[in-house]
Amino acid sequence: MIKRAAALLLLTIIGGIFFTLLTGYSADENLNLTAQYYAENTAKDIGAANIVTAIIVTYRGLDTLGEVTVLFLAAAIVGLVLARSRGAGAAQTVKAPVGELLTTGSHSLLPLILLLGIYIFVNGHLTPGGGFQGGAVVASAMLLLLLANPVKRFNHRLISIIESFSGFSYVVIGVLGLLLAGGFLDNRILPIGEFGQLFSAGAIPLIYSLIGLKVGAEFSSILSNLSEAEEL
Amino acid sequence: MSALILAMVVLLAVVLIGAALVAIKGKSLPIAILSAGLVSLIASVLFLVLAAPDVAMTEAAIGSGLTTFLFFFVLSRVRGGEND
Amino acid sequence: MVSAVYIIIAALAAAFILGFLKEQWRGLAYVITLAALAFMSWVSAGWVWALGWQGAEAVDILTAGTEPPFAINLRMGLPEAVLTLLVNLTGLLSALYLKEVLFRLGRRSLVVLLIAIMALSGIILTRDIFNLFVFFELVVISTGGLILLSDDVQSNSRALSAGFKYLIASQIISVLLLVGIIFAYHATGTLNIDGMAGADLMALQGGVIAFFLMFIAIVAELKPFPANGWALDIYESAHPAFSAIFSAATGAAALYAVDKLLLIGGVSWLPVATAIGIVTFVVSNTLALSQSNDRRLLGYSSIAQIGLVFTVLGQRDILGDDYYYIAFGVLIAHAVGKAGLYWLSGLVAGRGLTDWSALRGHPLLIFAFLTFVFLLVGLPPFPGFYAKWELARYLAAEGRLALLALILFGALIEAGYLFRWFGYIIKRERPAQGVVSDPLKQVVIFAAVVAGWAMAFLWGELSGRANLLLALPLLFALAFLLLEWLPAWFKNIVAISGLVGYFAMTYTEYDPLRLIFIIIFTLGGALTLLASFHTSGKRIGFYPGAMLMYAGLVMLIRATDSFDFFAAWELLTIGSYFLILRGKHSEPHALSYAIFSLAGAFSILAGFALAADGAVHFTIQSLSEVATPLAPWVFILLAVGFMTKTAAIGLHIWLPGAHAEAETDVSPMVSGILLKAGLYGLMMLMLGMGIQELHGIKLNYVMLWIGALSALLGNLMAIFEEDAKRLLAYSSIGQMGYALFGLALMNHLGWLMALMFVINHYIYKSMLFMSVGGVAKRTGTRDMYRMGGLITLMPLSFIAVMIGIIAVSGVPPLSGFGGRWIFYNAIMSSEYRLPMLIIFLSVPVAFLYLFRLIHTIFLGQLKDEHRRIKEAPFWLILPQMIYVACLLVFALVPGIALRHVDRYLNDFFPNGGLGWDGLLITSQYGYWSPINIMIIIGVIFMLLFFWLLFVNRKAQKVKQFNIVFSAERPYRPETTHFAWNFFAPYRKALGFMVQPFVTLFWNTITDFLHAAANLVRRLYTGNGQTYAYHLLLFVVVVFFVRMGV
Amino acid sequence: MIAQLAMATGFALILIGFYGALTNRNILRMIVAFSVANTGVHLVLVAVGYMNGRTAPILDSAVSATEAVTRIIDPVPQALVLTAIVIGMGVTALMLAFAYKLYEKKRSLDIGKFTELRW
Amino acid sequence: MEFEWIKIPYSLLTLFIVVNYGLLMTAFIAKIAARVGRRHGIPIYQNYIDLIKNYGLRSSITHGVMFYLGPVFRLSGGVGLLLFVPSIYGSEMFSNLSFAGDLILALYFIFFGTLGMALGAAESGSPHSAIGITRGLSQVTAAELPMALAVFSVALQYETLSITEIVAAQQGSVLNWTLFTNPLAVVAAMMAFLGSMMRPPFDVVLAPQEIPIGPPTEYHSSYLALMQTNRVIFPVAKVVIYTNLFFGGATNWPIFFLKVFLIYMVSAFVGVAFPRFRVEQSIRWFLIWAMPLGILAILLV
């Protein structure tokens, strides 16, 4: 089939390009300039133990703001699109009740999962994980609820307010950085504190928490919107 | 140590590629989606090996978890279209 | 200054605030959005002001309080300020435009819009490559969202599939981009664009491929051919306001991203950019030719324009300080024009190009449309015009001639389909649905119009040349736009006084040669305008067009710099195009006029650019200093341009239709006056450059042939013409052939003859067009065989025509003979005998069509349906009578004008002038005494006439049918009016010479273009997967081309 | 060596994903294929930042701030991948929304059937 | 070369001589032609009778203004042509009004009468006139071409446009005539001459033997008289140009008469020997046979 052959041919060439990159690649012996700067300065400047977090929240905070916005946007669009297809929503197909086990299990698990999510994003500057991972975990709690009770309706307005609140606060903190510290999204508006402590690294825990909230809300929004979408 | 890790990486790579092939060629769409989730999941293991725990967590939670659910949500709502 | 980062902050803050609002509070949400967009625009505007006018320095904006390579930084310099202003204003205006839609969709749609605009600003501001990626993804997602929304707006699902195709493409793009970024980072150790540029990525391991991947990914966002099927679908299906953003703002942002990227790539990537850009430009424009859907056409045009800017980016190495001036000139013109047209398309109900004729009842909207089209085509006084000029200058100086040719070719095609569209609007039947009346939308559209004109002014100020918008003639012409609501007679008075007044103000400033032209253009123009008093009503559109033409003509004479000359040339071309388009059936002819004229203009542009050799200011005089290897080419280019205007044979096919179909008072203008512009150009050229040789062939010899053939074939075609005005039009081709021939002789008398033709042709052709126009007006037809016997009903018209044809044919004693006499004397001293023979052949032929003109209209049998018609309107007759007087005076004392010119020509051709000895004019070979001839002929004529009158004093006029007719009495005039196919024997003998070979040639070319377009656009199968193939194919091809495998 | 291997796997995933996207007509399958390709990209990104014998860029008792320069691997690619994953998820969600809408309107998921716009 | 009043009577004298000569000569040639055809032919004074008769007739009919003007134009053209050309070389008396213009004037003035005639005839409203005019114009324009080429060849040869100077250059010996110095031009011009004389085989314009057709269809009485006058002046005027340009001019009246007669006879001879051409045939004939000669004449000068 010509199409497959063409695809194979094109991809072979692209693969060739990749292959050149691969063979030309040699791992660095030492950290490059940028990485070295981060390795040396993160602790004293930012105060975060997790350098990745420091980069994400502070050094490349603008990326992260954009990233959060991506999710926000995706949630808004999905919500908009699906809300419009839902129509009146009168004739809901009544789904078969889910097993008792799942319902009870989910109810007991829910607080635990939520707690785990919060732990992940609050400790983002110290341990692996952070706002995104934590947010995803929070959202999975919502997911569980959805699975347990498919007819359940989330309070979209609440989700939306959480989303907006965290997003807006994030921006405000960023602006505070601009006003009080070295620039937009500078985390040093709060004291850097003692390295390795929960309340350290300036505004990072706060920002990451907001991100976590926001990501959780956004994922929840997307999931719930999709789950509420009508079957076609 | 490093040989062990290398063997593990090779194994993961093989499984990854196998899962990926299933994801694009799999007979039924649910299997394809699951395989794609599997690709993400194995990749997150690989990330751990590559000393990237943050990435591993994210890939596991978002790439293999949430995304897969998204797929299934949509899939369950477009029944009849999956064989197009 | 407010930090530029607030552009991003404001948008995000507003977007998040919107989330707090209840779904029902739509008004508040809308206001917040507008406020945010207005604030963002204000910030950008503040920076534009500070950086552009107050000399502020570009600033780097740090984030996270850390120095650049380690944290993301933004930069606000003049380019960024301008572009963000462009993006934000587009967003603001689109938001206004979309009010109704946004209200319906609610706050989340506002969020999407805000973030889209913010992300575009981010692309422009950021100096970090990965940050660029993030903003790009934001743009992708928000674009997808906007498309989803517009899908709902139009309740069709076409936009959906378009959006999905877009997402497929952007997935591939983002994969390539990420891989490229990471390897570039690996090679250079930084993500900062300036850092990468400083690290010389190309020299590093894997750097070239890494850069290639980044480059190709961003370039793919520019929708290069052929990887752009999805973009076209979006343009076609999305809501027009989104398309406006997509075209104007996204395009601008993506271009700037590429511009930044090219900093990293360095000079060696510029040719790649050039190649991709120019292919996209030419191919997309060609494809647009065969589009009938307005938005898809605009889509092709958008892609083409972006390709053009991309081509300009590729010239960065040679453009120096003018780089941004040129690039922004093209880009902003495109952005404003395209956004405006998309917004305008929202007011038109139908999607076919012809449906736009709904605009016809709305002069303001037509003005808006024209402003946008002008912006796109790059006509003066808009930025694209300046940019095109400067670009051509650099390209020619650098020897990038093929590129210049391609750019001009593409621009020509673009002008072709845009003007064709304008023709539809003006001429096609109006659809049932009118224009959507929505004041807010119209406000937005006119904001774009104002922006366009403001840009025109700004670019004029920045050009380092005289600002076109401050030129008095042009201002005067534009002022008529404001007077449009007044009755035509009033505007006519203003126009005439303007022309006469301008002459009175400036007549001392010209040398005799220019004086002749300026007299024809101003006083002659005023005289022609007298005829316009016969019309009634407001005559909307006539005066701006006419005065634009006159402004161009006057500016042409006054121009000393090649730039001013070219600008004037374009102005007069456009003005005359509008005039011609006014004719009832002139749509196709006006189009071919526009295309030929613009092609000619581009040829002139190329010629000047080549001649200037990079010099910023190049005066017309310095044409004489152009050195040899270049000179003949300059000469050819300029000559071809000017000969297009004089309708030399081969380039003439636009003329008959254009002149014949024009309105009664327009035909004299475009024939009697406008054609002289071409002659003037040729004179300037040949005075400057003299006789040029190419491969041993003297170029003026070639022109002699062209002139001779024009004369012969023009005349031959005229004799077979049934349509009176077309006959006159073909005759103009012949007459211009004579003039061209005279110029090409390159001797004193040849030039004098050409000038004689300039004057004569103005007088008699204007007069003939008016008389014939008057007749056509009264009889309701231009077919001569339908007329006949009108001499008694329209005696004054008859007199004008009779005097006219005597003058045209060169029969003594009228002034046409003077031209012939000088002509024969001129060729006596000439070496060139073969082309001369052709001229001989053409002289008697002219006689045939002229006789036919007068015979079939005024003599012979009067038709029944014409028995009650009256003489032509007074205002048509008046100028004719003035012309008759002029002809007689000029026949008696040609010296009034010619003496001075003769003396003036001595500066250039010292030998072979005429002797002016009292009543006698002598040349080296012969002599001519116009007054004596007039008296002798007059006396003989009068004697015989009065004798005959005396003898037959009792004669009475017999009835019409009282003739010798084989002993029969004819009962219908039609059967006895021998008029149709009048010169059948000639057709039998020589008809083969007027086979429409030239028309066939040009038709074949246009057919070929259309066929090619139709073939190539099959590429766009509509299948998103196929588009993915195209994208990958594009990547692979560029890779191979760049890597030289 | 590990880095190269992971990178090669990543590239393979990209190519496989592209192949799937180019040959499957079902748009859901295309989306799945793209998510495979995205995973591949993530793998490549992380692999590029990998340095043999070093640890994750987290300072703790094992790696102190002072010796970080010699002990940790490059944190930047990881930060980038994090962002990329989230963005990829956003795009995927959007594509799924499109797929849903397309199916709603056309009752089909065949990309070959959405060709009313062309030429 | 200035205007003097005495030139007026001199010119009238030339006119008088030429009219009489023309009347006699045309009658004589008609007579010869008749005799060749074994007919008796007209008396030698027949032309005078016709002319006087027509001048004597009064018409009460006109078809309009241009109908009036047609013959006036026509005769003005003939007279003007005659008078713009010097008749006798070296004679101040018979240099006529040639001070007003040169060869170009003469060449272009040929069209003056043609135009007027065409206008007048067209005004009459008769289709036969119009048909005659198209034929006439078509044929004449084709015939004029070799003529113009030949004339210009001569002008180039002598590097002047003044007729007097051209004649002057041919003086001294018969071998100085253009006939011998530039035979191609002369042949081309003579071929053109045939066409412009409206004699067979180029007489389809007037078609004298058939139903009344041709430009003068509607003309009669005094209108016709003017045209008849022209018919004797115009050919002679043309032949005078030929004599001057190609055959050494005439230094006195006898030579003038002789040369004019001989040149005129050429067309008569050809006329009896050939059948009539249709218009397109004659156009082709001029273009194929006469024009190349003219072109050669110009190129070879």
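Every chain is named by a letter (A, B, C, D and E) in the order it is written, and numbering of its residues begins at 1.
Here is the rule we use: contacts are C-beta pairs under 8 Å (C-beta built on N, C-alpha and C of every residue); 3 or more make two chains touch, one makes a residue touch a chain.
None of the values given here were measured: they were computed from a predicted structure.
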Shared chain contacts [chain A and chain E, defined touch]: C
Chain pair with the higher count of C-beta pairs in contact (B-D, C-E): C-E
Inter-centroid spacing, chain D versus chain B (mean Cα positions, whole Å): 11
Whole-Å gap separating chain B and chain E, where each centre is the average of the chain's CA atoms: 107
Chain A and chain D: spacing of chain centres that average the CA atoms, whole Å: 15
Rounded Å distance between chain C and chain D, as computed from the means of their C-alpha atoms: 50
Multi-chain contact residues (two or more partners), chain A: 7, 10-11, 14, 18, 21, 25, 28, 32, 34-35, 38, 50, 52, 60, 63, 66-67, 70, 73-74, 77, 81, 128, 132, 222, 226, 229, 232
Contacts with 2+ other chains: residues of chain D: 3, 8, 14, 18-19, 22-23, 25, 38, 40, 48-50, 56-58, 76, 78, 80, 82-83, 85-91, 93-94, 96-97, 99-101, 103, 107
Sequence positions of chain B contacting 2 or more other chains: 53-54, 58, 62, 66, 70, 74, 77-78, 80-81
Pairs of chains satisfying the touch condition: A-B, A-C, A-D, B-D, C-D, C-E
Chain B-facing residues of chain D, complex: 1-3, 5-6, 8-9, 12-13, 16-17, 19-20, 23-26, 28-29, 31-33, 35-36, 38-40, 42-43, 46-47, 49-50, 54-58, 73, 78, 81-82, 85-86, 88-89, 92-93, 96, 99-100, 103, 107-110, 113
Chain B to chain A touching residues, read off their complex: 53-54, 56-58, 61-62, 65-66, 69-70, 73-74, 76-81
Residues on chain C engaged by chain A in the complex (per definition of touch): 3, 5, 8-9, 12-13, 15-20, 22, 61-66, 69-72, 105-106, 108-109, 111-112, 115, 118-119, 122, 126, 128, 130-131, 134-135, 137-138, 141-142, 144-145, 148-149, 152, 179, 183, 186, 189-191, 205-206, 209-210, 212-213, 1029, 1032-1033, 1035-1036, 1039
Residues on chain D engaged by chain C in the complex (per definition of touch): 14, 18, 21-22, 25, 27, 30, 34, 37-38, 40-41, 44-45, 48-49, 76-77, 80, 83-84, 87-88, 90-91, 94-95, 97-99, 101-102, 105-106, 111-112, 114-119
Chain D contact footprint on chain C (complex, rising order): 130, 134, 137, 140-141, 144-145, 148, 151, 157-158, 160-165, 167-168, 170-172, 174-175, 178-179, 181-183, 185-186, 191, 229, 232-233, 236-237, 1017-1018, 1020-1025, 1028-1029, 1032
